[in-house]
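Input: a single structure, listed below in structure tokens.
For reference, chains read A, B and C in written order, and residue numbers begin at 1 within each chain.
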Amino acid sequence: MKRTALMTEVGRNWDEFHSTDVSRKLPFFSREGRLYDCLFSQQFDRALLNHLFAVADRLRSVTQAKAGADAVARLLAHKRAMLYFVQPSTRTFLSFLNACHILGLKTSEIRDTSTSSEMKGESPEDTVRTFSSYVDLIIMRHPTPGFVEKTAWFMNRVKRPVPVINGGSGKDQHPTQALLDVYTLHRSLPGGPEGKTLVMVGDLKRGRTVRSLSYLMKNYPGVKLVFVSPPQLRMEADILDFLKRHGIPYRETDDFASVMPEADAIYMTRIQDEHDVAGESKSLDLSRFHFRAEHLKVIKPTTIIMHPLPRRHEIAPAVDEDERAVFWRQERNGMWARAALISYIFGVDDQIRMA
Amino acid sequence: MKRTALMTEVGRNWDEFHSTDVSRKLPFFSREGRLYDCLFSQQFDRALLNHLFAVADRLRSVTQAKAGADAVARLLAHKRAMLYFVQPSTRTFLSFLNACHILGLKTSEIRDTSTSSEMKGESPEDTVRTFSSYVDLIIMRHPTPGFVEKTAWFMNRVKRPVPVINGGSGKDQHPTQALLDVYTLHRSLPGGPEGKTLVMVGDLKRGRTVRSLSYLMKNYPGVKLVFVSPPQLRMEADILDFLKRHGIPYRETDDFASVMPEADAIYMTRIQDEHDVAGESKSLDLSRFHFRAEHLKVIKPTTIIMHPLPRRHEIAPAVDEDERAVFWRQERNGMWARAALISYIFGVDDQIRMA
Amino acid sequence: MKRTALMTEVGRNWDEFHSTDVSRKLPFFSREGRLYDCLFSQQFDRALLNHLFAVADRLRSVTQAKAGADAVARLLAHKRAMLYFVQPSTRTFLSFLNACHILGLKTSEIRDTSTSSEMKGESPEDTVRTFSSYVDLIIMRHPTPGFVEKTAWFMNRVKRPVPVINGGSGKDQHPTQALLDVYTLHRSLPGGPEGKTLVMVGDLKRGRTVRSLSYLMKNYPGVKLVFVSPPQLRMEADILDFLKRHGIPYRETDDFASVMPEADAIYMTRIQDEHDVAGESKSLDLSRFHFRAEHLKVIKPTTIIMHPLPRRHEIAPAVDEDERAVFWRQERNGMWARAALISYIFGVDDQIRMA
């Protein structure tokens, strides 16, 4: 069995494991052909995406009626989840929390390590193992890159493993954000992303979401990508290399207005100036990368406008009530996509699809 | 339809809407003849009060037995509430939280904005809209006057509205406190407040609860009010004007002892010295406005003693175990009255009454 | 009835009550022959321990299957608990919280008094009584010695009492930790603790857990105790006196290695240097009181290794995966033992045993 083999080979030592290529690590985080821990957006292939979207769609419709909602809330009423969010993130936290509530999971919250035993000199591994003792699922957001992966690696090696979902780990991975972004493209673009033109705008250099989303586009033949940013905030070379390798056409520009008419989806992002080294974003004229009410006349009647939120000035509030502004629905899609993922990890996804 | 008309007229602009007289705004916060958002004590008329009290009474009795409690907890098990309490208030928070639990609602808590996306530069409107994405009800306490109303106004204008309950908004409104106060008068005074003498004592100038309660007395013919306070903390003119306009008899005094024998209900309050400009409360001799054990002999055998709590020295602890001291029951009444209100907003109130 | 008599005698005045010997106070915290408040490890006699362990064992097995877990979660779905933990303790908090979730209790959390009404000048008694208004059970951890007992004493005297469980009160008592420790001995030692040799290692002077555990050994005939510590951290005289009085054999040593071969259970503890007056622990050579991987060859094949956690360096991580290292199971035992205790307090224990 692949998983066991990998454990033997590289699973023994964390540093060795961590530096292994992601594709080789994936079997370690699966059990019986099914994703067990959700850590990387690379874990989502087309079949799994389609399946999770079908489950999410069904969850939404079934829970409209009280009888359906009650039935869904019984599916995992015997399970307990822990939301270990020691990095501020109310949005993702609430999305996961309510996803758990939809499925009936009981939840424990850790929001602040200062209340934990860490202050008594306990190692982070012991702390996590302690917390896992009481629950059946860990959903974790952590400021340290690699910490969530390390937790999952570690929890796979103990006698009472529990699955781990990555709710955002440092700057490296936030797979359920990628999941909800693709779900939004799938749901709001007629026919889904295939063959569509996706325009990504803003801080492409440091935006985790646009990076993951670009990556996942390999699952959708015919997608064309347009990257719109100031020269200083261009998409990084590793993603561009990836796109070339997979034959996904892209181009780069700093002229947002010129590409608006051809876009099927516009993915706006916030300037991540918290990552500025010396306030360099302040000197940029960012207004050229904003979507204003007047642009609603320029885009196609079917173009959708997305944003991972929170926003600052990238999208004028006047845009919000236009039918094509889907970012509020995108946010809510996150809750449903996460509920679908959790149901899948616990193997009750088919009960939802058949409901 | 009135609501739509108001939206057209004054609903477009917040500042314009906010400055409109409360009575004109009420339709905006109702749907299909039923209160939708609960923001002002002015929303409670006699019929609604009677109905909510009947529901609260029934909730208490039905939930005494496990079968009844379980049935009630199924009523709203498919709904999710968010308690957005960014102002310290454990008392009101717990009261609402457990009211939700009684009805089976799943709950999310926001207690501290420092963990929210507000720090990433998001507008308060976006933050609230985000949080609302995941839930079916917002219960909000906020330090800024008008903020809760603005939230409800705003949420009424988006595609996915959710009802908003005011859990205390700045110094202006705390309608469910008024609700529980009247419920206590209704429950603990034989025949309810009608025709009774209600003595309010303490900081009448700045006490939100005595102001709201005075207002609601217009629903009860024959009520006589006596305001007992130091001259510096007398009831404000706006309430006195209101009472005159509605023909509700009142008088003012600073001699507490003299009015004790005639009181049917004594409503004690705390000096709100957190609102002192320059420590002016400190110079007052407040002991004359305290209720001490010896006063138990002066009041009638049926007089009830209320207090919105927390108290400091206004009521001696020795008074607590007297049958006429109802302030602990008053506190618990809050949980039942709030549960009744929530059941009403979601339209399951009649299922409780018929249970 | 004893309880009433005690209330009359010493129950009137807290200071008088508090200074009464524990054995005389116990009836005050029982109702109808059943423990009502859980405050002292002295409340656990052999019959109650056996009963609670049987309930805990049954809980674990019944909840393995979804149908059983769902049935157990209905037992107390009509009850509400408050976890009042104003002293940092994530471990004990999560253990109790999930114990409540297993039984279906709805939970409210108080983690931080700064959000409470205490800041408005309310007395601690009023605050606790307020919080109790909304719930059916208080689980409390508090930094002030005696505060939890005072709460239970006080709550027994009001019109609407609710049971109180001590989740750790100052340095004096942490009865459910003692409960889970004995449960672990019961579960992991064939035949239970009777006639076994129990070696306690580390900071015996200030370790609350070793003190309580020593005390509870009076319930198990034939137990032999060995206390291993640096001379500066020896077990206190009060416990040694207790052991002498009850004829429980013990000896003291600072040579850990020499007693390893005879141990049936080794109970490791952390040096509680937070209680150092002037950093005196730093000068001690503690490595002689650590359990290292090489010691696994020295102990018997059936010896179990316990630790109340969190640990620092007392047990090498390499020891964790040995079958005899039971401290992770010990931690999880806490959740089950606490669930058993709660079920007992509410009188649904027999429904679990018969399930």
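One rule holds for everything that comes next: a residue touches a chain if its C-beta (ideal position, glycine included) is under 8 Å from a C-beta of that chain, and two chains touch if they have at least 3 such contacts.
Nothing here was measured: the structure is a model prediction, and the numbers come from that model.
Q: Can you report the angle of the rotation that maps chain A onto chain B, using C-alpha atoms only, to the nearest 5 degrees?
A: 120
Q: Taking all residue numbers at the chain B/chain C interface, are over half used by both copies (same) or under half (different)?
A: different
Q: Cα centroid separation between chain B and chain C, in whole Å?
A: 41
Q: Residue numbers in chain A touching 2 or more other chains?
A: Nothing qualifies.
Q: Can you check the complex and tell me which residues of chain C touch chain A?
A: Residues 63, 66, 69-70, 73, 88-91, 93-95, 97-98, 101-102, 111, 270, 274, 309-312, 317, 320-321, 328, 331-332, 335 of chain C touch chain A in their complex.
Q: Which chain C residues qualify as touching chain B in the complex?
A: 74, 77-78, 80, 82, 106, 108, 110, 114-117, 119-123, 125-127, 129-131, 133-135, 158-160
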